[in-house]
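Before I ask anything, let me first share the structure, which is written out below as C-alpha cells.
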Amino acid sequence: MSLAGYEFEVQRDDGLATEEMTLNMGPQHPSTHGVLRFVVKADGEIMRTALPDIGYLHRSIEKISEKVGYHGFMPYTDRVDYVSAMQCNQGWAMVCERAAGIEVPRRGEFCRIIACELGRIASHLLSVGTMVMDIGGMTPFTHAIREREKVNNLLEDLCGARLTFNYMRIGGVAWDLPPGYAEQVTAFLDRFEPFIAEYNDLISYNKIYVERLANVAAVSKEEAINYNLVGPNLRGCGFQYDVRRDEPYSIYPELDFDVPVGTGEVGTLGDCFDRYMVRIKELKESCKIVRQCLDMIPDGPVLARVAKKLKPPVGDAHVRVEASRGDMGWYVVSDGSEFPYRTKIRTGSFSAMSIVDKLSRGIMIADLIALIASLDVVAPEVDR
Amino acid sequence: MVSSIGRYLKHAKDAVATIFEGLSVTMSHFVRKPYTIQYPDRTAVRVQDTLPLRYRGILEVDLEICTGCLACERACPIDCIVIDAPKDKATRAMLLSRFDIDIAKCMYCGLCSEVCPTGSIHHTTEFEGADYSLESMIRRFVKDPVLAYKAKKGEETDPLIAPVLDRGMEFLAEWAEPVDMKKYKKEQEEAAP
Amino acid sequence: MSLINSVPEMVVTTKLDEVLNWTRKSSVWYMLFGLACCAIELMQTGGPRADLERFGAAPRATPRQSDMMIIAGTLTLKMALRTKVLYDQMPDPKYVISMGSCSNCGGLFQLAYSVCDGVDKVIPVDVYVPGCPPRPEALTEGLLKLQEKMMQERWLVRGSSAQAAA
Amino acid sequence: MSPTEIHQRLQDQHDDAITAFEADALDPFVLVKSDSIVEVCQFLHNDPDLAFDCLTNMSGVDFLKEEYIQVVLHLYSYTHRHAIVVKVNMSREEPSMPSVETIWKAANWLEREIYDLLGVVFTGHSDLRRLLMPEDWVGHPLRKDFIEPEEYHGISTRRESLLK
C-alpha cells in the first residue's frame, strides 16, 4: 500500500512556514457513503486537494455477467446501485431488449415505471437523510428513514424484497401488481406529499444547514458537462436535462412531469444546496409520475415470452436510463452466444467522484463531507 | 461596523428561529403513534405473518410435490442448490436422495421458484436463520430417499398431496404469465374494431 | 494475579459471572462498518422501525469504542486487509456478526475475482446472519443470538467453557 | 444530425483517419485509426454543427479470437441532442492509444479504469495509475485470458462449497 505521489511536502512562504499536511480519510469513515478513501492534502483547514482512492467495493460485476448469462445477471444488477436497484434492473432489461429486439407489453412498462419511481423516492429519501446526518443532524435522518421504510414496504408487497428487488425480467416484469396495490400506493402518496413540506420545515431552510451548504463547491454548467456529471448533480447547475424527458424511453413521453433545476436561491448557482434541493423537488415529481401511472395503467399481460437461453444477434447495444443518481449507461456486447461478451456500466456516481479532486481545491476539510454528500455518491456504483 | 453587527445578530436570530421551527416538528412526534415494531416478542402478530406472500425469505421445499426436474438447480446462478435424483433401476422411478440448499450462500433472488413447475420450491416469509456456524446453515430436506412426484392427468386425488399442491399452485399464481407478443398484438387488433 | 477464569465454581461466582455477562450484553456497541448493500439495512435497523437501541446496541464511529463489528456487505480483497486492521483496533472482548450472504461465504460474488469469499478468512466470526440483505428483524435476531452466546461465557469461574470464552 | 451526416462531415475533414462506418448497427459507429483519434475527437468536440460536448461512456472490449482490443467511445451532444459511437481497434500484445483526456475531462477516470481492467496504455494521460484494483495487483482482470490468482496477501481466493 504505497502512497506514491502523496509524499510529505514542506512549503515555505515568506517568513511563516506552513506545512502541507497529508490526511487519510477512509476507507472506513462514518460519513463517506460506503467505503471510499480520500487522500487529503491540507494547508491548515484549507484543502489543497482531495484525491479519491476507490475500488474498495469493486465486486467485478462486469466480469460476472460474462459467466452467468442474460437472465441470471438480473439479480446482480440490483447490487450495482443498491439504493435504487429498480433503475438498474430496468437498464439491464432495456439493453438486452434492445440487443435482442424484444418488445415489452404495455402494462409491463407501467409496472416498471411505478416501481422505478417508488425506488427513486426511496433513494432520494436516503440521500437527503444521510446528507443531513453527515452535516451533523441525527434526527432528520430517522425521519427520512421512517418514510423510506414505508416505500420499502410497498416495494416488498410488489416484489418480495426490500432492497434487492430482482423485479424486472427481460421482456417485462416478474410480478403483476398485487390486488389493491393502487389504493395502497395512493394512500402512501397522500401521506407522503405533506411530509416533503415537513422536511423543508425541519431541515432545508434551517439557517445552520444552509450556511454549511450554500456557496460550497459550486459547479458551472460547462464544467459539469465536461466531467459528465449527470442527473441531479447536473440539474443542480441550472441545466435542464433529464434523460426521461430529452431522450425518452419506456412510457415517459406520455407522462407529464417537470424537471426541477437548481436556482441558486441561497448562494451560487450549482452549489451543494442546489444539488440537495433538486432531490427534494424530485420527490414531488416522482409522486406525480406514480399517480399518473396508476391512473393510466392498462390491463393486459406484463411479461413477454423470451427464450430461456437468450441469444441476441452479434453486435452491441447501448442504452441510457435516468437512475436516481443520474444518467446510467448500459453497454452490452453480444457474440451470439447465451452469455454476454462484455458488459459495461457507466454510472452517475463514477463521474461524480472524478470531479471531487477538482472541486475540493480550496475548500475546508469539513466541506468535503458536504460535497460528497451532495454529490450523492454510492460506493458500489463507483466501483461496480 | 454597525451593519456587520446587525448582520451578525440577524444570523443569530435566524439560527435560533429555524432551530425552533425544526424542533416543533420533532416535538409533534410526542403525540404521534409510535412507529417501532417491537420484534421479537412484543408484537401482536408474528412479524413473519405480516409479510406478503411474495416475500422472498428462506427457501423451503415441499418434497411431496417435487418432480425432480432439476429446473431450480439449473436456474440458480450461484449453485446454492444441489439435488441428487438417481433413477431406481428396479422400478424405473425417480428417487430424490438429496436436496440441499445453502441458505448462507443463497441470494434470495427467486429465480429458482420462478421455474418450478409445481411450486414445490418456494420462498417463505421466514427470515430467522442466524447461527453460529456455516455448516449448520445448510438446509437438508431429504432425510430418507423419496419418490419424486409425478404429475397426474386431471385432478390430484391423493388427500395427502392435494392441499400441498394447491399451496404450491398459489405460489406459482403470483408469478406473471409470459405471453407471445405477436399473438397478443394480433388478438388486440382483432378485438379492436 | 488475575481473577479471570481462576475462581472455583460457586453460586456466588457463577451469579457474578451472570451479572457481568448481563451488563455486557445490554450494551453491545457496534461499529458503523457499512460495506455494501447490507449497510442500508443496517441503517434501517438503527432507524425508527427496528430500533436496535432497544437492545442496548448503539452505533459508534470508531473501533476503539466498540464491542462488536457488524460486517455488513461484500468484503473485497482490497478491503479485507483494512478490515483486519480495524478488528485489531477493537478492545477485547470483541464480537463479529457476519451479515448477509457476501460476508458469510462470498455469496453471489463467489464468482468474482476481487472478492474475499467470506469474512471468516480474515477475522473470526461469532454469528452468521443469512439473507441478501437480511431484513432488519433478521439482524436483530442475529444480535439476540449473539447475546445468548455472551450469556454463556464464564469470566471468573474455572470450567470447561473457560477455553471457549477466552 | 443523423449518424450518416455526422460520418459525412467527418469524412470530409479526416478522410484517411476513418476506416469504416456502420450505419445499420443499433448504435451507428465509425471506426477510427488509433493514432489520429485525438484529431478526430477534437473535431467532433469543436465543430459547431457537431458539438459533441459530452463523453457519456467509454469501454474497452477484449476480442480474444480476433486478437484485438477495442475501445468504444459513446459521444453525446447536449447542444444538438445527437449521438455517435467511435471505435478504436488496437493490437492485443501492446494495446495503446492517445488519451482524449484533454478534450473531455470525464475521460480521465474512464481511461484509468480501462487501463486497470484491460491494460490499454493511454499515451499522454496525466495520471495513469490503477483505479479499481489494488496497486500491487497482477494482471488485467477483464481480459478474456485472465486467470484468477490463488491468493492475495495470504488470503486465499478460493472457497470450497459446503454442499460437496
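As written, the chain order gives the labels A, B, C and D, with residue 1 at the start of each chain.
The rule is simple: a contact is a pair of C-beta atoms (placed from the backbone, for glycine too) under 8 Å apart; a residue touches a chain by one contact, two chains touch by 3 or more.
What you see is a predicted model; the values in this text were computed from it and never measured.
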* Enumerate, in label order, the chains that touch chain B and chain C alike. => A, D
* To do: Sort out for me whether A-D or B-D is joined by the greater number of C-beta contact pairs.
  => A-D
* Whole-Å separation of chain centres (CA-atom averages), chain B against chain D -> 40
* **Averaged-CA centre spacing for the pair chain D and chain A, given as whole angstrom** => 24
* Centre-of-Cα separation between chain D and chain C, whole angstrom -> 44
* Structure fact -> Whole-Å distance, C-alpha centre of chain A to that of chain C, is 31
* To do: Could you check chain D for residues that touch two or more other chains and list them?
  => 132-134, 141, 162
* Out of chain A, which residues touch more than one other chain, so two or more? -> 1, 55, 58, 60, 63, 68, 75-76, 146, 164
* Structure fact -> The positions of chain B in contact with two or more other chains are 35, 77, 102, 104-105, 107-109, 134
* Line, ring, star, complete or other: which one describes how these chains touch? -> complete
* **Contact set on chain C toward chain B in their complex** => 48-51, 54, 101, 104-108, 110-111, 118, 120, 126-132, 134-135, 137-138, 140-142, 144-145, 149
* Structure fact -> As the complex stands, chain D meets chain B at residues 161-163
* Which of the residues in chain A come into contact with chain B in the complex? -> 68-69, 71-76, 102-103, 105, 139-140, 143, 146, 156-161, 164, 166, 171-176, 178, 198, 201-203, 205-208, 211, 300-306
* **Residue ranges of chain D touching chain A (in the complex, touch as defined)** => 25-27, 53-59, 61-62, 72, 74, 78, 81, 85, 104-106, 108-110, 117, 129-135, 141-142
* Asked: Contact residues on chain B for chain C in the complex?
  -> 35-40, 47, 58, 77-78, 102-109, 127-134, 137
